[in-house]
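Report on one structure; see the data block that follows.
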Amino acid sequence: MSVRVGILGATGAVGQRFIQLLDDHPTFELAALTASDESAGKPYREAAKWRVDTPIPVDVAEMTVRRTDPDAVPDDLDLLFSSLPSGVAVDVEEDFARDGYVISSNSSNDRLAEDVPLTIPEINPGHLDLIEVQRDERGWDGALVKNPNCSTITMIPPLAALDEAFGLDRINVSTLQAVSGGGYSGVTSMEIIDNVLPHIGGEEDKMETESRKLLGDFDGAEIEWHDVDVAASCNRVPTLDGHLENAFVDLAEDDLEVSEIEDAMREFPGVDLPSAPNQLIHVFDDPERPQPRMDRMRGQGMQICVGGVQSTPHGVKFNCLAHNTVRGAAGASLLNGELLHENGYL
Amino acid sequence: MSVRVGILGATGAVGQRFIQLLDDHPTFELAALTASDESAGKPYREAAKWRVDTPIPVDVAEMTVRRTDPDAVPDDLDLLFSSLPSGVAVDVEEDFARDGYVISSNSSNDRLAEDVPLTIPEINPGHLDLIEVQRDERGWDGALVKNPNCSTITMIPPLAALDEAFGLDRINVSTLQAVSGGGYSGVTSMEIIDNVLPHIGGEEDKMETESRKLLGDFDGAEIEWHDVDVAASCNRVPTLDGHLENAFVDLAEDDLEVSEIEDAMREFPGVDLPSAPNQLIHVFDDPERPQPRMDRMRGQGMQICVGGVQSTPHGVKFNCLAHNTVRGAAGASLLNGELLHENGYL
Amino acid sequence: MSVRVGILGATGAVGQRFIQLLDDHPTFELAALTASDESAGKPYREAAKWRVDTPIPVDVAEMTVRRTDPDAVPDDLDLLFSSLPSGVAVDVEEDFARDGYVISSNSSNDRLAEDVPLTIPEINPGHLDLIEVQRDERGWDGALVKNPNCSTITMIPPLAALDEAFGLDRINVSTLQAVSGGGYSGVTSMEIIDNVLPHIGGEEDKMETESRKLLGDFDGAEIEWHDVDVAASCNRVPTLDGHLENAFVDLAEDDLEVSEIEDAMREFPGVDLPSAPNQLIHVFDDPERPQPRMDRMRGQGMQICVGGVQSTPHGVKFNCLAHNTVRGAAGASLLNGELLHENGYL
Amino acid sequence: MSVRVGILGATGAVGQRFIQLLDDHPTFELAALTASDESAGKPYREAAKWRVDTPIPVDVAEMTVRRTDPDAVPDDLDLLFSSLPSGVAVDVEEDFARDGYVISSNSSNDRLAEDVPLTIPEINPGHLDLIEVQRDERGWDGALVKNPNCSTITMIPPLAALDEAFGLDRINVSTLQAVSGGGYSGVTSMEIIDNVLPHIGGEEDKMETESRKLLGDFDGAEIEWHDVDVAASCNRVPTLDGHLENAFVDLAEDDLEVSEIEDAMREFPGVDLPSAPNQLIHVFDDPERPQPRMDRMRGQGMQICVGGVQSTPHGVKFNCLAHNTVRGAAGASLLNGELLHENGYL
C-alpha cells in the first residue's frame, strides 16, 4: 500500500534533506535515487558527501545511484521529488512528466508558468487542480508541481492569514537569509564571516512574483494573480539555517489591534498531512523571538514562526522565520507530494 | 591656537574611539579624561582595557583619569565629548553645561528635548543655533549638543538627499546592525553565533523619532518635525562593525529614474570640516555593495555608502551602510565639535 | 522506587542542561531546584532565562525555586547535582554534605582535595570509595563527589585506553574550546568573532593536574597520582559547543601501528549506566572528523570522538572531541550520580 | 634605477596581495601581470574580482593581463613573483627560469628540491647561494627561490631564536589557521561556521619537512637538514586572517627561565630590507595575546607575535601568530625578492 518515490538530484544538499525526511515516512517508500552521470552506478554513500546532521540511513547508503533520465528509472515509481539545478531541471523535468511521472519539484524553473501549480498545501491546495489544464495543454500523463522559493514560503503563511482576515494592499519585506540557502558551496567563508551580502541574484524577483501567484485565485482554468504590491530586499547573513524576515504590511482595514493581527495568524488553519505541523503559524509574545538558531526546528522544521507584531502608521510590521532547507525546500516538496497523494493524483 | 578638549566616559568603547580619532587632530588637543570613580586617579592605560585596532597613543596612556565631575576637570577646557551611559549622562551632562562647559554628546538622553540641538553637520547645521534658546531657557553658559543614534545616522544622509530633491512621504527600514553597537560586552557570543537577534530595545523608536527631528525645520525658536512616516525593524547580526540598512521609501514625486535618485545622493553636498569626508554619500553601481566588512572604513569610516538603488511600485528601495562606532558614534560627536568650533560656539 | 534528586544552581547554563537531561530519566525524579536569593520563591520559568534548544519541561516550569541552603531543601532528597559558581560552592557544598546530602558536583572547587573522589564512571569508578575516607575524616553523613573539567574529560578516555594498553609517558595537548564553556555571558561577541583567545584562566592547570589524579591508583586510603607529564595550551574559538583537542602522546611502548592505537581506543569498555553511551570512544577513519558541529551530539552528547590517529617520531598524535556542556559538565555529574546509585551510596 | 617586476598568477588572492604590497614600493616597479588564458588580453580590473581591503591601484586597474608564458612577458623584467597554483607552477616556473627569469615563488612545488633555496631573509639568507648550485645543475640563467608555507613561517622565527640560543630537540605544534589560507573559495561557510576542521591536506607534512630544511646548514654545496623532530596538528578555525599556533618545544638546555626564552626571541635580529619589520619578533607579556584579529597587522603584517611563554616539564611552550597572506605568502615572496636584489642576483 506504500507509495514508491524517487529523488532526482539526490546527492546535493536538498537531496540529502529529502532522504532524511523520507526516513521512516508513513506512506512514502524511497525506491530510486538519481544524480549526474559521474555518480551513476556508485553506491549512494560513495556518490554523496553526506553532510546532514543525522546519520545516512543504512539502506540508502547502499542504494545504487542512477542517471537522471526516464530510461534509467523504474516505471512503477508513483512520485518523483526533484532538487535538480534549475538549468538542468528545465528540460529533464519535462522529459519525466511527458513519460508519465508525477513530479513534486523544488527547482526554480517553471514556477511562474501558467499551467504549473505553485502550491503550499495550507495556503492554496486548490491550485493543484491546474494539473488538469497542464495535462490538457501538454498532453502529459504525468504532472509537474512546484513549491515556492525558501524566502517566499517564509512570509506567505502570515501574509495569507492577514489577506483572508483583513485584505492585503502592499508589502515591503527585508530578508536575513542563512548560508545554506546558497547550497553547500554557494557562500564562501571569506565572503560572509564578519559581513553581510546585500544581494542574492534573482531572489527579490522570486519573492515579488511567486507571492502574487500563490495568493491568487484559480477559477478552474487559470490563476489570477493577487494584485498586492511587493517590494523585497534580500540579504545573506552569517547563519547556517533559518531565514528571518522583517515584513511591513499595509492592510485594507485600518485601526486593527495587535491582538487581532496575532489571532488571525494563530488561528489560520493547518492541513492534515503526515509532514504538516499541528499549527501552521506559531506567534511569539516575546519580541526577542523568533531567532534562527533557537526556533528554526519548531514543528520538526515545518512550522512558521512569527514575532514582534506591531502597528505602524500604515498597517503592521512583524518578523517571520522558517527553516529554509526543511519548510523552505525539501519539506515543501514533500508536503506537496503528500497533497498529491491525498488528492488522488498518484 | 588649539582647542582644548576632554572626554567624559573615556574608558568605554566609544571613549576609546574618541581617543583614536583625536590623535593627530589638526585643531583639538586632548587635555582631560574622565571615567567612573573606580578608575579615577589611575593612568589611562591601567584604567582602560584598550581594544581599538591601533595602539594607544603614548601620551594618552600616561594621562591620569579624573572623576566625571565638573570640580574634577580643568576650567579651561573648550569642549567636552561625552560617551557616558545615558542613565549617568542625564544628570552629569546638565551639571557640566550649567558649569559653563560646551558638550558634544553621543549619549542617547535628551536627544528629543525641545531645546537640545540634534545635529549632523552635513544635514541640519542650522539646528545648532537652538543653543541660543537652550541658554535662554536654562540659564546656562555652556551648551549641550547631541548626535543621533548610529542606526539613524546611517540612513539620514540618503533620505535627506531624497527629501530635498523629491520630497519624502514614507519610510520603511530594516537594519542589520553590528555587535559593536551594543558595547563591548553587550552581545554575548552565545547569543549571536549562527543567529540573528530580531529586537534591539528602544532602537526602532529612536529611528522613527530622531529622523523626524533631524529632517525638521528650525525657525529660530523651535524645531518643527518632519511629517514623514517612519517604520523600522532592527536586527543584530554577527558582524563586528558597520550597520547595513534596507530602506523602502515613498517619494512625493513619481516615475523617477534610478539615475535621478542616485544623482541626488551623489551630489548631496558635504561640509568643510577636518573630519568630514570629501563626498558625503558614495553610491555603488555594483548591487553587491556596500558590504559591512569591505566598505565600513570608506572615508576613514565617515562616509555613507549606498547601493542597490531600484524602483518599487511606490517609490524606491536602496541599501545604506555606515561605520557605527565612527560615523555613528565618536566620529559623529567629533564632527559636531568641529561644527561648534567653526560656528564660534567654543 | 525512584531516586529523588535536586539541583543546586538550577538557573544557569549547566543547571538548564541538568533539567534537560533529567527529563524522562528512568530512575531520577527531579524534586527540588535552588538558585540565588533573588530567584527564590519564583516559579522556575520566571527565575531562569531558558536557553536550551528543547522546550522547558512543563512541570519544571512551574516548580518554585528555593534558596541554596540546607534548611530550604526537603530532607528526603537522595542526591543533589551542583553547578554552583565555584566561589559559592566551596562553602555551600560542604554545608549540604555535613547535613547528610550526597552531592555530585560539576563545580571546580575541591576537585584536587585528597579525600574528594574525582571520577568518570568508565575510567576510575573505584575512586568513588574514597567517600569512606571522606566520611571518616570529615564526620559527614553525606558525601561530595566531583567530575573533572570539560577540557580534561575530553581527552581522558583515549588517554586511559592508551595508558592501559601501552603505558603513558608524556602528553602535550592543545585545545580548541567552544564559547559555551565560558558560561552564557562569559565570552562576548566582540572578543571572539573573527578571532581566537589563546588563554583561558586556570584551564591549563586543571588539565595538567586533574588528569594525573583521574589516572591515578587508589589503594583504599589515598590516590597516588599518575606520574605522566602533561603540558596543555588552551584556546577559545568561535564554536558554540564541543571542545576539540589535539593530543601528542609519548607511550612507554615503541613502534606501534596506528591500528593498534585505534583498537585500544575502540575496545576500551563502557559502563552499564542509563546515561552512558554504548561505546565510550568512537574512532573515525576519516581524518576530517571529528568536527565540533557534526559530531558533538554523538551518543546523545555522551560519546568521546577520536580521529586523525597518526604516528609521530616519539609516539602518537590524535584529535578528540566531546560535548562540553553534556559529557563535559551536566552529563558528567549525572553519570556520577548514576554510579553513586549503582554502588549503593544513595 | 628601479627594478622591473612581474606577477605570475596575478588575479588570485595572493596575487592581489602582491599588487597591494607593491603599491608605492621604493625599488620595485610593477610592469607585467599574468593569469590564465581566459583572463589574458583583458584589463586587470575586469580579469580580477578585487577583494583586498584597499582600493585597486589606478594604474594597475588598466594594465592588460598577459598569458602565463615566457613568450608573452617582456624580456627586461628583473624579477617575477609567482602565486600560481602548484599544479601549474611546477612546469611554468621552470620554463621561466630556463628562459632567464629570476622567480621568487610562494607556490608549494619544489620547496624541498635539493637545489632550490627555501628562504626567510631573517633566518637563512645564506641559503640563497644555493642558486649557484641550481644554475650549475640545471644550466639556467634565471633562478627559482621559494618561501615556506604560511603555517611554517609563523613558528620558524621563534624556533630559530631558541635553536641559536639553546638548541632545539623536539617540537609539537598545533595550529589554528584562518580561512584565507585556503584561498578565496577554499573553505565554504557551511563547513566552518560554528565549527573547526581538524585536517588540512598536506599541511602537517609541510610544517614537519620545511622546518628542518629552513633551520638546516648550507655548506656551499647542499643543505643539511636540521635533525629536530617535528609533529604538527593543523586545524582550520573561523577566523579570516592570521594563523595562531601553540608550540611545545624541548630544548637542549634545561632549567631556563621564561625571561631567558623571551629575551632570546626579542633580541633575535631582523634584516634591513624595505618590507622587513624593525623587530622580527614581538613578545607580549600579556598571556591573552597575541590574538588573530588584534595583532595580525603588527608591523604592516610582517611581524611575528609571540605570547604565553611558559616552562613545561620538558622545555617550554608558547603561542605565535603571523598574518598568513602577508608574512605567510605575498610578503614572504616580496621579502625574498628584496633579498635577491640586495645580494645582487637581479
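Each chain carries a letter (A, B, C and D) given by its place in the written order, and its residues are counted from 1.
What we mean here is this: contacts are C-beta pairs under 8 Å (C-beta built on N, C-alpha and C of every residue); 3 or more make two chains touch, one makes a residue touch a chain.
No experiment lies behind these values; they were computed from the predicted model shown.
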Neighbouring chains shared between chain A and chain B, ordered by label: C, D
Pair exhibiting more inter-chain C-beta contacts, A-D or B-D: A-D
Rounded Å distance, chain B centre to chain D centre (Cα mean): 42
Chain A and chain D: spacing of chain centres that average the CA atoms, whole Å: 47
Residues of chain C engaged with two or more neighbouring chains: 51, 193-194, 238-240, 293-294
Complex contacts: residues of chain B adjacent to chain D: 51, 53, 193-194, 293-294, 297
List of chain D residues in touch with chain A within their complex: 51, 179-180, 184-194, 238-240
Residues of chain A that touch chain B when the two form their complex: 170, 172, 174, 176, 194-199, 229, 231, 233, 235, 237-240, 244, 246, 248, 287-294, 307-308, 312-314, 317, 319
